[in-house]
Structure formats: structure tokens, C-alpha cells
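Once you scroll down, you'll see the structures, which are given as C-alpha cells.
Next come two complexes built around chain A: one with chain B, the other with chain C.
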Partner chain A sequence: MTGRIWLRRLWPLAPIIGSLAITSGLLLLFGVSPFEGFGALIQGAFGTQAKVLSVAAFWVPLTLAATGLVVAFTAGLWNIGVEGQIVMGAVAASWLALRFDAPRPILLAAEILIAMAAGALWAGLTALLKTRGGVHEIFGGLALNNVAIILTNFLISGPWQPPEGGTFRGTVPFPDKALFPLLGESRLSPLSVLLTIVAVAAVYFILRGTYWGLKLDALGRNPRSAFLLGVSSEREVVFAMMFCGALAGLGGAVRVLSWFDSLRQSISGGIGFLALLVVMLALFRVILVPFIAFFFSAVLNGSISLQLRTQLHSSLGGILTSVLVLLVLLFGDYRRLGLFGAREGETLADE
Partner chain B sequence: MNELEWVRVLASIVLQATPLMIAVCGETITERAGIVNLSLDGTMLLAAMTGFVAGLLTGSVWLGFLAAALIGGLFASILAFSAIRLRKDQFAVGFVLTLLGEELSAFLGQNYSRIPGESVTHWGIPILKDIPILGRIFFDHDPVVYFAYVLVGFTWWWIFRTQAGLRLRSAGDRPETGFARGVDIQRLRYVYTIVGGALVGIAGAAYSLDIKLGWSEGHTRGLGWIALAIVIFGGWSPIRGALGALLFGASKALATVLQRRFPEVSVVAFNATPWVLMIAVLMLVGSDLSERLIVLAPERYRSRLRHVLRVSAPNALGKPFSPGASGEG
Partner chain C sequence: MHIQLEDIRKYFGEVKANDGISLEFMPGNIYGVLGENGAGKTTLMKVLSGFHQPNQGTIKIDDAVIHFGSPADALDSGIGMIYQDPLDEPNMRVVENYVLGRSGMMAFDQKQAKRELNAIAESIGFEVNPREYIDTLSLGERQQLELIRLLSLGADLLILDEPTTGISADQKKLLFNSLQKLAHQDGKIVILVSHKLSEVQELCDHVYVLRRGKKVGEIELPTTKQELVDLMFEELPQRTERASHVKEQAMLELQNLHVADGRIAVGPLELEVRAGEVFGLAGLEGSGQQLLLRAVAGLEDIEEGKIFLDKLDITRFSYHRRKDAGVAYMPAGRLEAGLVAGLDLVEHFVLAEPQEGFVIQRERYQQLTKKRIEEYKIVGQPSSNVEELSGGNQQRAQLALLRKPARLVLLEHPTRGLDVRSAEWIWQRLFERVAGGTAIVFYSADLDEIVERSDRIAAFSGGRMSRIVRADQTTTDELGHMIGGEI
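Presenting the complex of A and B:
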């Protein structure tokens, strides 16, 4: 029996080992030794102080979007549109940065607010399409993601193109005072880290200690009985989505005002989809989100260095993270599998 | 535009719609069995890459299609196992598979990007292709297009006109009833999910080996999601689904025509058409909008219009099924 209990205790490591094994296999397939590959990946993430700061800078919008998604998921909503909400936040912040002039603190505050509003409105549109239009949020969100990306391309190649001519690269760099103050030479803004910590704490508090959090939870668990108990599902759906959209929009502002210094073609670059993976791996618990987001950020930044070092496509990092999430989803719970003499429904306390 | 040009545009719409028709048929039978395979976009990308590379290495497009079908079936079997045996959230697993398929296609296909490869050869059907106008539009293509026609008709006949189709629909609509009548619901769901996935794989290869030749990163990105939306718009019927695919093809062709007519409007603005159209058609079939439009019509057409516009999903779509306490979990 003791062997079984040890296996049960160690089981959470199985998905990690499995995903490392699969990515190692892919590295070998392309003639790179896994030691060299993962070495380059870790070096790329943590090798120098600048690289650690870069991981942290990427972590900020990822954590913001994932934190918002926890709220949407709690209400039972699949906000795939988070990617578009990040983009719209970036677009709105860019508009202010390009077109308006004000003292720095006022300009920054206005940029943050308008980015959050734009993300919230874009999410609210998805929510209304769901409640009023009968369009599932997966399809509404996905379509609006593409519309947002197309809008960005339109702005970059049209009204906001640099004076030297239309490129698909991006707008002119924003004036310094429109950008977040950065830490040294890095792309990390302490202000955005502070806002992220506040967001995580706020969501933790909302879901744990407020009536609204309780209503969202009821809606997510069973929409029909929540309705019978008097939870207005439409209002909660719209608000939960808009809350998520506001945080995603803030993430978009961070992308243009500190990671870049202008509006670029792929301004989000898949952060929204990555955030969905983060939340799934965190089992929808906000307190785990910052840690998992940090791990993902390290893998993704590391795999870009891996590409520079070994000429292998940087999608290896994405493969590692999505295989990990897939294995956790499938095999994370050994009780479902009936392994090690466990029955389904049995809890850890039964050991 | 003269007549010849119109015929050419219509023929290109049919050609563009072909892979979507195949993918929509695959997903339709999967969803009719009660399983949502959300991984279409990633599966199609990975299958497009696999089909292209397999075709290049073996020198045979048909082996390319076979490899793509196997990859599609493999991805679908992961989803089927998680949904049926493990009773996991189908959206979650499907979404992760979407991302995984996309990343894998980028990684595994990195050395095969933007190089010439195999392609399906043009073959007009003798006699039929000489029918005025219609011949040029429908029968002057290649075997993959004709396969799509046959598949749409066959799938429709299978779902609505056979005993097996009745069992298939029972698995998605009322699994308890089907089970009580001796249908092995779980096995049936496995079969249709995997066959559906294989068809999605073929659809992916239909792009890289035929309609949108070659491979580069993100080659078919977005089209899997379009196919998923068309399944809903098609009311889970292959023939309506095929019409949806043609409508999508038509919107793309229309955008091209409009772009030529109004060159001052930015090119990228027209790229938004399919997505706006996607929201519009889903609203049309999903909300009471259709009912409001129907009452505007003359009374004698209303019931027929209702029949055309209204759709309803299989009742047990996306819900795990437990065949009683004695069955497997």
C-alpha cells in the first residue's frame, strides 16, 4: 500500500515529466540534444538580469488578462475574445498617446482608463451578442478578435501610418511622456506591476468576499437555478465579461506603453490565448495565476532565445505549455483514471 | 462584368468552399453524435502541414491526404477519449488541442515553408463539364471538389435516411432513449468523433494540396473557426452546411469584387467581411431576430421561412453520457 500512496503523491509530477518528454522528442527529431535545448531555454529566460526583467515585463499583461479570465470563467463564460480586448485596449491607449498632450500623470491616467474602457466595451459587445443575439461567446469573441486585429492593421497602414509612408510595421514611437516610466534599461514598468498586484488582490477579494462574487459563482455552477434564485443572468454575464475586458484592456495598454513604444501589427501576439491556458492550469483559482503566468512567461521568453541559439522555431515553448495543460486536463486527477486502486469520487482525505 | 467573368467568379466560389464543405460534414456528424470538437482550427493547420509534407516526401497527393486524415483522426481520438471516457470539459480540451495543433504545425513544418510541392491535378468530368454555364461552375474542377459534393450528399443521406443515422441522431439528441433501445452510445460517439476528425484532416490537406497550395505558418488560420460557425448556421445538416460554405465563399469573392470597384477603401477593411458575416448569420439563426423578420413576410410564406431560418442544436450536445450505474464511467 505504501507504494501506491507514494505514487499518488508523486502523480502531479507526471504531466510535467510527460510534457518534457514530448518536447525532448521533438528536439531530438530536429537533431538538438534536449540538454542543450532546455539549457538554452533556461539561459534565455534567466541567464542575465535583463532577461529576468523581460520575463517580468511579459508576465504583466499575461497575468492581467488571466486574472480577468478567472472572473469570466467563474460566471461560466468562455471569454476567447480576451485577445481582441487586449488589442482594443492597446488601440485606445495608442490613440491618446498619439493625439493628445497633457502633463504626464494626467496623460498616463487617461491612457489607462481609456484602455480599460475600450477592453470592457469590446467584451460587453460579446456579452450582448450572447444575451441578446444568441451568439455563443466563443464565436462572438473570436469574430471580434479578428475584427480588432484587422482594425489595428487598418490604422497602422492608414490613418496612423508614419509620415515616411505606409508600412505594416507600426506607428511612430509615442512621445516619452506618454509612455510608462521604465525600470532602468528594461521594458518593465513598476507601475504596471503594482496595478497587476492590485488586480489579483481585487479579484481574490471579489470572488471570496462579496455578494457579486457569490452570484457569479452561482451563475457559473448552474445558470438555471441561479436564475430561479433571482440572479439576473444577463446583467451578471455583461458585467463579468466587462470586468474581464477592462483588465485585458489594461494589459493592452501595458503592451503599447511599456513593452513596445508604439502600436504594432501583432500587438497582443497571442497573450489572450496563453492567458486562457494559464487559467486552466491554475484550475480557475486566482491565487495560482501569477505563479503559473510567470512560468509561462519564462518558457515563452526562453524559447525565443532558443530560436536564436539553435535556429529551431520558437513555437517549441508553446508546444511545451499546451502539452502540459493538455496532460493536466486529461490525467491530472488519477481518481478519474481509476489508477493506484482509487475509485472515482474518492477524495484525498480518504487516504 | 461579362458572362464569362461571372461564370469564373462563381466557379471560384465553389472551389473556395470545397475544404469548408468537407470540414463542416466532419464536424456535423461529430456534433450530431453529441460531441463538440472545438479543435478544428488547430487540427486543420496541422493536417494541412502534414498533408503537404507527406505529399512532398512520397510524391503522391493521395498519401498526403491519407496522412492528413490520420492526423485528424488522432487529434479527434484524444478529444473523444477525454470527453467520453474521462468526461472532461469538451471546450477546454478542444481549445487546448487547437493551440497545440497550431504550435505543432509551425514547429514541425518549419523547414517546409514556402516551397513548391505536390498538387491535385485538374480533371473536368467528361460530358457534365460541357453543360452550358453550370458545367463550368460545378464540373470543371478536380477530384477533391467532386469528393466534397458526394460527401455532402452521402452524409445527409446517412444522417436522415438510414437506420445508422437514426442511431447517430439518438446519441446526440436523447442518449438515454437510444441506450434503452440497445445502442452503444459511447462506442458510437467514439466512431463519429474520429471519422469526423479524419474528414477535418482531409479538409486541411485540401487547402495545402489543392485550393491554397503550399505551406507556411498559419496557412489556414481562422478557417477552422469559420467551419465551426457554419455547422451551427447549417442547423447540423450537411446540405445547409454546404450552402453556408458557399455563402462564405461568395462573401470572399464579393469582397474581392468590391475591392476592385472601390480602391480608395483600404484592403484590410474587406478582410473583416467574413467575421462580420459570421456574427450576422449566427444572430439570424440564434436569436428572435429571425422571428421578427419572418412576420414581415406574407403570411403564406411564413411557415416555410420558419422552417428555413430556425435551427436547433442536438439536445445532448456537449454533455457527457453515463449509461447507468453498471456501465463504464
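Presenting the complex of A and C:
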């Protein structure tokens, strides 16, 4: 029995080992030693202080978006539109940064708030399309993602085009006072790290101990029963989406105000879609999100050096993380697989 | 096919659902498995049909020991079971459902499948329309379809778990006729799991009686009801006479109410239910009584008319606002609509009670849950997830979740799946509410229950409400006629 218990405890390591094995196989296939490959990856992520800070800076918006997604997923909402919500947050923050002048603390606070509001409204639109229009949030979200990206492209090639002429790359750099204060030469802003920690703690608390968290949980598990028990479905769906959108929008502000210094094309860099993978790998538990987001951030940043060292394309990092997500979803739950004497669907019946 | 169950033991944690049961089934017979809620009937049948694996004991088919890893294994050996709650299937046509679960049918031949389906249906006296969609079928029709499907897959032993709950008298007669034919002419084994004595007497050749996970007796039929009762219960349940609590004050008033869903229209309807009154609605499934109840609860759009709760016009109130105004509604579905699988009992009470503040005071609800568990005799802990509870205990949990105090309680099948004693217990709890001035409107498929528990009764037939009769001046026979349309 004790052997079984140990196997159950150690089981979460199995998908990690499996994905390392598959990626090693790929490396061998291209004639690169896995030791050298993973060594380069680790060097690339943690080799110098600048690299560590870069990993952390990438971690911030990823964690923000993933933390918001935990709320949406708890309510049973597939908020694929998170990518567009990040973009809209970035656009809104850029608008303030370009067009308004105020003392720095006020300007930064306003940028943060307007980015969160923009993300929330974009998500709220998806939610209303679902509750009022019967459009599934996956389709509504995908459509609004495209609209957000098109809007960005329009702005940087039109109204917000730099005066020296359209390079179609981005706006002019924002004034320094509109940007987040950064740590040394890095792209990491301590303020955004603080906001991220607050967000994770808040979501943990909401889902653990509040009426709202329990309502979302009930809604995600069985909307009909939840409604009959007393959960107002439409309101909670809209609020859950808007909450997620607000955090995603904040992530967007971080992208334009600390990672970059202007609004660029593909400003999100796919962070919304990465955040979806992070949440799935975290099995929808917010407490795991920061750690898994950090792992993703390290692998993806590290794989850039991997390319320089081994001439392998940096997408190897993407492959490693994606294979890992697949393996966790496939094999992560020993109960579902019926391993170690566990069975699914056992009930305490007395009939 | 000769089946032997030998010393079957199935434990769920501390609970010994089956504690060494040995039974034998011979071809050409209809067996009854009789017992109170919690006797272990369903568990034993789920062991036999491969859904559960026993902790100990063996199943033998024609003297050969056999192991079932899943219901599909059991079906390969000719054992099929029709469950109490038909599984939630994707909505598809009857013929598609029929070919579902069959191997090697990459592209199925619709015409061939329809012919087969009709042939089997005809041979046992059922009528099905293969083009119909599953969700338009009544519970009884779905059951017929499931029976046909199991037969087409070669089942020689058919287990039916409480098959008559929620189906009409006609459908029951049809079902029993076909079961008799299957056993006595075609030599199949039929096992009827039930806690209803009259059904067992009507249909079965041989009865096994279970109590608390053990076999306590078996008997050849025909026999007297008394003998079965003596075997089933240690002590006889007493049915208490009750005083009427009907007051002058009108609690629920319906004025010129019109309500319709896609299938049936009800109205115009005038009705007044008083405080302290129990009002029973009879009718075949889908005759309009559920629609009326849901309209009063606030779950159906009203086309015309007004609803008053204690003089307050609640016609435009949403479901949740009516709940806060004192309308408590208990739906018929358990895990489909009513309870949330994955949440524990405490969490259900948190959701069902009015919200206080932002942060949940778990300790307070823990106390409340403990109290209600005792009050409603739920076998489970505050931290038990609802899907771990048995069907009967889920029913109790739903009743325990109704807010207290409430001015109007609306119940769909209040004691479905409960045995006589548990049902009596539940009704005593409901009568306590009534004594305090609560009005109850309920419907049930069990006419005896309606006559025994109500003050006044109306029947529904094709969306029309009958005259209202006093329960102490009517009989199930009269109700039967009213249901049949003699309104």
C-alpha cells in the first residue's frame, strides 16, 4: 500500500520526464546532445543576471493573464479572447501615454486603470455575446482577438504613426514619465511584480473563501443546478469574464510600458495563448500558476540562446512546453487512468 | 443461462453496501429484488452488471466464474441493466441512439437499423418512431428504447432499477407485459429492483428481500402483501393521521394564467392555494403540471395573467427574486438540475441560503449543514460531495436545501426513489412547515401519495386542469379517470 501511495505522490513528475524524453529524442534526431541542448537552455534562461531579469519580466504579464484565466475557467468559461484583452489593455494604456500629460504617479495609475477597464470591457463584450446573443465565448473571443489586432495595426499605421513616416512597426517611444520605473538596465518593473503578486493572492482568496468564488465554481460544474440553487448565471458570467479581462488588460499595459516602450505590432506576442497552456498545466489551480508561468518563461527565454549555441530553431522551447501540456492533460490524472488501485466514479452508495 | 452470485461483498469506505449476499437466477423467471432505501439493491445490481467490482465474492454464469471489468463486459456476457436515472445522452435521433455503442459499425445502414429496431419493438409490444429526437421522448419511452437496445445487443438477463418511477400507468402496463413475454416465452431472466410491494406482487415469480446489505429472505409468489412487508421491515411503518392546517389567508393566487412551452400550453388558469394547504397535482408526465409549477417558480415565461404570493404581485419577479420573496422550489432532476456534482453539502447550503457579506463564514454553514443532515437523516458528512450520496440521500439533501422559512414550497416528485418509511419521514418534515403556515404545491407520479398527502387535488390532462377535488372525498380511481381526460 505504501508503495502505491508513493507512486501516487510522484505521479505528477511522469509527464515532465516524458516530455523531456521526447524533446531529447528530437535533439538527438538533429544530432545535438540533449545535455548540450538543455544546458544551453538553462544557460540562456539563468546564465547572467540580465537573463534572469528578462525571464522575470516576461513572467509578469503571463502570470497576470493566467491568473485571470483561472477565474474564467472556474466559471466554466473558455476565454480564448484573453489575447485580444491583453491587446486592448495595451492599446488603452498607449493612448494615455501618447496623448496625456500629468505628474508621473497619477499618469501611471491612470494607465493601469484604463488598461484594466479596456480589457474588462473587451471581455465583457464576449460575455454579453454569449449570454444575450448565444455566441459561444470561444468564437466570440476569437473574433474579438482579430478585431483587437486589426485595431492595433490601424493605429500604428494611421493616427499614431510616427511623424518620420510609416515603418508599420510601432508608435514613437512614450515619454519616460509615462513608462513604469524599471530595475536597472532590465525590462522588469518592480511595480508590476507587486501588482502580479497582489492579483495572485486576491484570486486565491476569492476562490477559496468567498461567495463569489463558490458561485463561479458551482456555475462551472453545473450551470443549471447552480442557477436553481440561487446563482444568478448571467451576472456571474459577465463578471468572471470582466475580472479575467481586467488582469489581461493589466498584462497588456505591462507589455507596452515596461517590456517595450511603445505600442508595437503583435504587442502581446502570443502571451494570451501561452497563458491558456499555463492554466491547463496548473490544472486550474491558481497557486500553481506563478510557478508554471515561471517555468514557461524560463524555457522560452532560454531557447533563444539555444538557437545561438546549437543552430537549432528556438521553437524547441515551444515544443517542450507544448508536449508537456499534452502529456499532463493525457496522463496527469492517475485516477482517470485507473492506476494504483484508484477508480473513477466510485460512489458512497447505500442503496 | 444460469447465474449465481456467491458471497458478494462491496464496501464504500466504512459503508458495507453489500455484506455477503448470495442469490441465484434461473432462465424464464422474473425476479424481484426488494428492500428499503439503503438495503444494497442497486449496488448489488451494479456489481452484477459490471458497473462496480466487488471487494469479495464471485459471479458464475452456467457454473463458470466470470469477472466483469465494465458494463460492456457484462453485456458481452448477456447481462444488461436499465438504470434508475437514464444517462444524459447527447440529443440524437432514436435510431442513432439505437446503433450507439455497437462496435464495427463505421457507417451504419439507417434503413437496416430502423427495420431491426421496429422488429424488436413490435415483438415486445412497443411502438417507437426512429426519426424522433431523444429529448422529446418521455421517461417511459426512453426506457423502452433502452430495453430494445439491450435486447438487440443480445442481453439474456435484464435488470431494471425502479423502472416505474416517473412513467405513466399505461407505460407501466406495456412494460410489464413485455417483461412477462420476455421471461415466460423467450426464456430470458428479468430482475426487477423495487421498493414497491404491489409491483413486485404483480410481476414477479420469485422475490429476494435485502436489508442492510444482507439477504434476509426469499419467497415464491404469489404471496400476501403482509408477508412481504414483514420481511422487508423490521418494524411496520406507521402512517399517521394528520390534522388539517388550512388557513383563511390565500398564499398563492393565479389569475387568468397562460403559460406554454414548445410542447404544451396551459391556461387560462384560476387557482387559489391557502396558507397551510397542501395542493396535489396529478397527471401523466408532460400534461402541464410541471409547466405550471415551473411558471410559479419563475422558470417559465408567462404569456398572460398574474401570480400573487400572499397578496404580492410576483408576476414579473425573476426566479431568484421569488426565492427571496419566499418561494422554495425543488426540481425533479438530482445531479442534472438541482445539485452540483463536485461540491460538498456545506457548499450547497452556502449557495442556497441568502448571502451574507462577501467572505463565507464556513463554520456557520458547517453547523447548519450538520443540523439539516440530522434533521433529514442524510447518510453522509457535511464534507461529502453530493455525487457520493445515494439517490435517496440526494433526494433528502434537496429537500433539506429548501429555505426555511418559506411561504410557498413547490415540489416535483417529493419522495421519488424513497421507500415507505423514508417518504413518511419526509412528509412529516413537510407537514411541520405546513403547520407553520407554508403552502405546498406538488406533483407526483404516485397517485396514492397525492391522495394521502394533499388537502385538495387537481389533475392535468393535455394542458387542461380538471375540477378541484378534496383529497378526503376522492380516490385514486377517480383521479385515474381525471388524468385520463374526464375532467
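One rule holds in what follows: the second predicted complex is superposed on the first by the 328 of 351 C-alpha atoms of A that agree within 3 Å, B and C clash if a C-alpha of one lies under 4 Å from a C-alpha of the other, contacts with A are read in each partner's own complex, and residues count from 1 in each chain.
By definition in this document, contacts are C-beta pairs under 8 Å (C-beta built on N, C-alpha and C of every residue); 3 or more make two chains touch, one makes a residue touch a chain.
This structure is a prediction, so every number in the text was calculated from the model and none was measured.
By the touch criterion defined above, A:I106 lies against neither chain B nor chain C after alignment on the C-alpha atoms of chain A.
When the shared chain is aligned, chain C comes close enough to touch A:W212, but chain B does not.
In the superposition on chain A, A:L10 contacts neither chain B nor chain C.
When the two complexes are overlaid on their common chain A, residue A:V323 makes contact with chain B while staying clear of chain C. Looking at the shared chain after the overlay, A:V147 reaches chain B, while chain C stays out of its contact range. In the superposition on chain A, contact is made by A:N222 with chain C only, not with chain B. In the superposed model, A:V231 makes contact with chain C only, not with chain B. In the superposition on chain A, contact of A:A50 is made with neither chain B nor chain C. Once the two complexes are overlaid on the shared chain, A:V198 sits clear of chain B and of chain C alike.
If you count the residues of chain A touched by chain B and by chain C, you find the higher number for B. Interface of chain A with chain B (complex): residues 26, 78, 80, 129, 132-136, 138-140, 142-144, 146-147, 150-151, 153-154, 157-158, 273, 276-277, 280, 312-313, 315-316, 318-319, 322-323, 325-326, 329-330, 336-338, 344. Chain B meets chain A in the complex at residues 38, 78, 81-82, 86-89, 91-93, 95-97, 99-100, 102-104, 106-108, 110, 222, 225, 228-229, 232, 266, 268-269, 271-272, 275-276, 278-279, 282-283, 285-289, 329.
Chain C makes touch with chain A in their complex at residues 12-13, 15, 17, 37-43, 46, 53, 319-320, 323, 329, 331, 333, 335-343, 347-348, 350-352, 355, 357-360, 362, 379-380, 384, 387-393, 401.
Residues of chain A touching chain C in their complex: 209-212, 214-215, 217-218, 221-222, 224-232, 343, 346-351.
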